[in-house]
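Note that chain A is present in both complexes that follow, paired respectively with chain B and with chain C.
For the complex of A and B:
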């Protein structure tokens, strides 16, 4: 079901991109809003690109992940601005965390979409996790790897509450350079990550409330726990599956 | 060989960060540090115009006395990093470069830092993980 031929919708924007799913414009062209005339090519024929020229982000193959990593510095600066922007528009720590969560949610729903496409699009019998624990495992490993480049460090189950699960990250990427002032020590900027997790769980059909909490250890000062509180319906369904 | 202390001076000449690492420095109040930093800022501005060769100069890079050496790194954004060391310290330049890198990471990427303002609330983790170890390997 993978589209090997250029998609028909593409032609609305530029005829050039249709004829060149593999041929790409110079970086200057990719930053403009206009479609510049491209070097004529035959569709499907790989042509040599001048060294150092990277394809337009919209023209890149979605399934190639190895060389498409985003600059960590660019991300941290962007995230820092996001936090500053959000902080100016909220009335307290809870509000700030909620907004970061919402922003993460928007990413998470796309992450799930993209990962399903990458993992299942080529398969003859695409599948989706319907049990909670395998879904949690795949968030811990696959989602974390897709978003942060490494799996999370642990999954824990709450002893006191049957509906609570935790994903632990010893050194969360989004918080690597963030020093939270003492008067806001409750704040965890990983609420953003919590939002991603919440969206993925929601998308998989496991509605939950997901929050982030600082749980530092001496050797991991920025250790963070993502707390997942599942809705009752999910637990009930799990029970039915068991029986 | 000893690293006595580190200062960060903003482009207006204000001391935004100061930390002592080794013993042997005179005890100064924070106000005195501010005055010293301001003075150094002035001296630096003067030395940058002293060059006998035409054109602009980078200004003082090292100030040496009988008992100490002061190495100054001026960044492209006019922030100055000053490392106070003993005379024998050979690595001050590299260390300042490293400190500059850490500053770019741990200070400039922190959403709770206001540019040109004093550097506060560096969390312990970040301090030990970045700033401390690089600036002063033998202390931490």
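For the complex of A and C:
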């Protein structure tokens, strides 16, 4: 019975009365956004499953993406809570960035597998990226598109250091509604994104240290650079491929 | 004939293993060495090999009657073969971009095929016959199941997979393709 009222899970926002909370959040579209897709909403689906059997991830189709997209507002709310939660438990900005990076890493490793599965599972000979530059390109376009819905804005290669690459996002989604206080100006909440990038690179076999830095421009105040510092072994491997 | 599947984490910890006995007939791939040797020497050779590989498969020879080469049905021998093939796999996965690496290694009657996911998980399968298409379809199924396991927030790349549903699905797929 609980499933017939998808609003009950959002009603924590106003616990006073169920009906008013439904009205308050009423737009019909929001209920489909907030409800978990695995929850049966039509009676037809309910009857297919014997009572007492919980829905199972293994029964789900991994290619259904359209109805399972998360609204930007919901994500922003969740991310703001993540930052607050993390900030209460750390001693400094470095620590905070490191924790955000770790959280992003957990997402990145999943994004990588899922994205590759969606792209390759149907093909005759599924492929992995084994060269660094194509891998970096696919992070710039495909990973960004899978996670943020748009490709990143630029890839740059460091002039001074051969092992440093940068991905630039002019308006990162995770920071769109975040204004960092003056006394914490070093902090970049895109460390979360850096974690995602680090996980993808790690998974593909290009271990690297990935950090996020604010590089504002007059027209893009929240412009962020994701700095990738590759480990030596990656460069050596690339040299072998060139030879 | 039987198949042995191992799922290994990026740091080569085994996360899941499966032994599947196929009902399909053995495509007789007799080792050229054993077929050229007279019967008595095969058994003697097998005895030496088993001793060398540390196996104790004397029970095999007495109970089944038919002599097997190398005591290759023992659990620890299977594991040793799978582990030994990792060197070859790691060499190949740096130069080949395909996820499915067929017949990367051979040891006595066992052929080793592997599948590398983009996240660096290794699926290693020991099989006796030649069945490339079936094995590929099987690996693709296991990959899908693994991706679904991975989506569980409580699963990390180093957590052993203990889900009964996962196990049942892998077995069903093995039955279908192997």
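One rule holds in what follows: the second predicted complex is superposed on the first by the 181 of 243 C-alpha atoms of A that agree within 3 Å, B and C clash if a C-alpha of one lies under 4 Å from a C-alpha of the other, contacts with A are read in each partner's own complex, and residues count from 1 in each chain.
We take it that a residue touches a chain if its C-beta (ideal position, glycine included) is under 8 Å from a C-beta of that chain, and two chains touch if they have at least 3 such contacts.
Quick caveat: nothing in here was measured; it's all calculated off a predicted structure.
Residue contacts after overlaying the shared chain place A:127 against chain C, while chain B stays out of touching range. Once the two complexes are laid over each other on the shared chain, residue contacts for A:76 go to chain B alone; chain C is not touched.
Contact with chain C, but none with chain B, is seen for A:57 once the two complexes are overlaid on the shared chain. By the document's definition of touching, neither partner reaches A:170: not chain B, not chain C. By the touch criterion stated above, A:215 is placed in contact with neither chain B nor chain C. By the touch criterion defined above, A:142 lies against neither chain B nor chain C after alignment on the C-alpha atoms of chain A.
Look at A:179: by the touch rule set out above, it reaches chain B but stays clear of chain C. Residue ranges on chain A touching chain B, taken from their complex, read 73, 76-77, 79-84, 87, 177-182, 184, 189, 216, 221-222. Those residues of chain C whose C-beta lies close enough to touch chain A in the complex are 10, 93-100, 116-120, 140, 143-153, 156-157, 163, 165-166, 169. Considering their complex, residues 56-58, 60, 62, 106, 109-110, 112-114, 116-117, 120-121, 125-130, 202-205, 237 of chain A touch chain C. Against chain A, the residues of chain B that register as touching in their complex are 105-106, 108-113, 120-126, 128-129.
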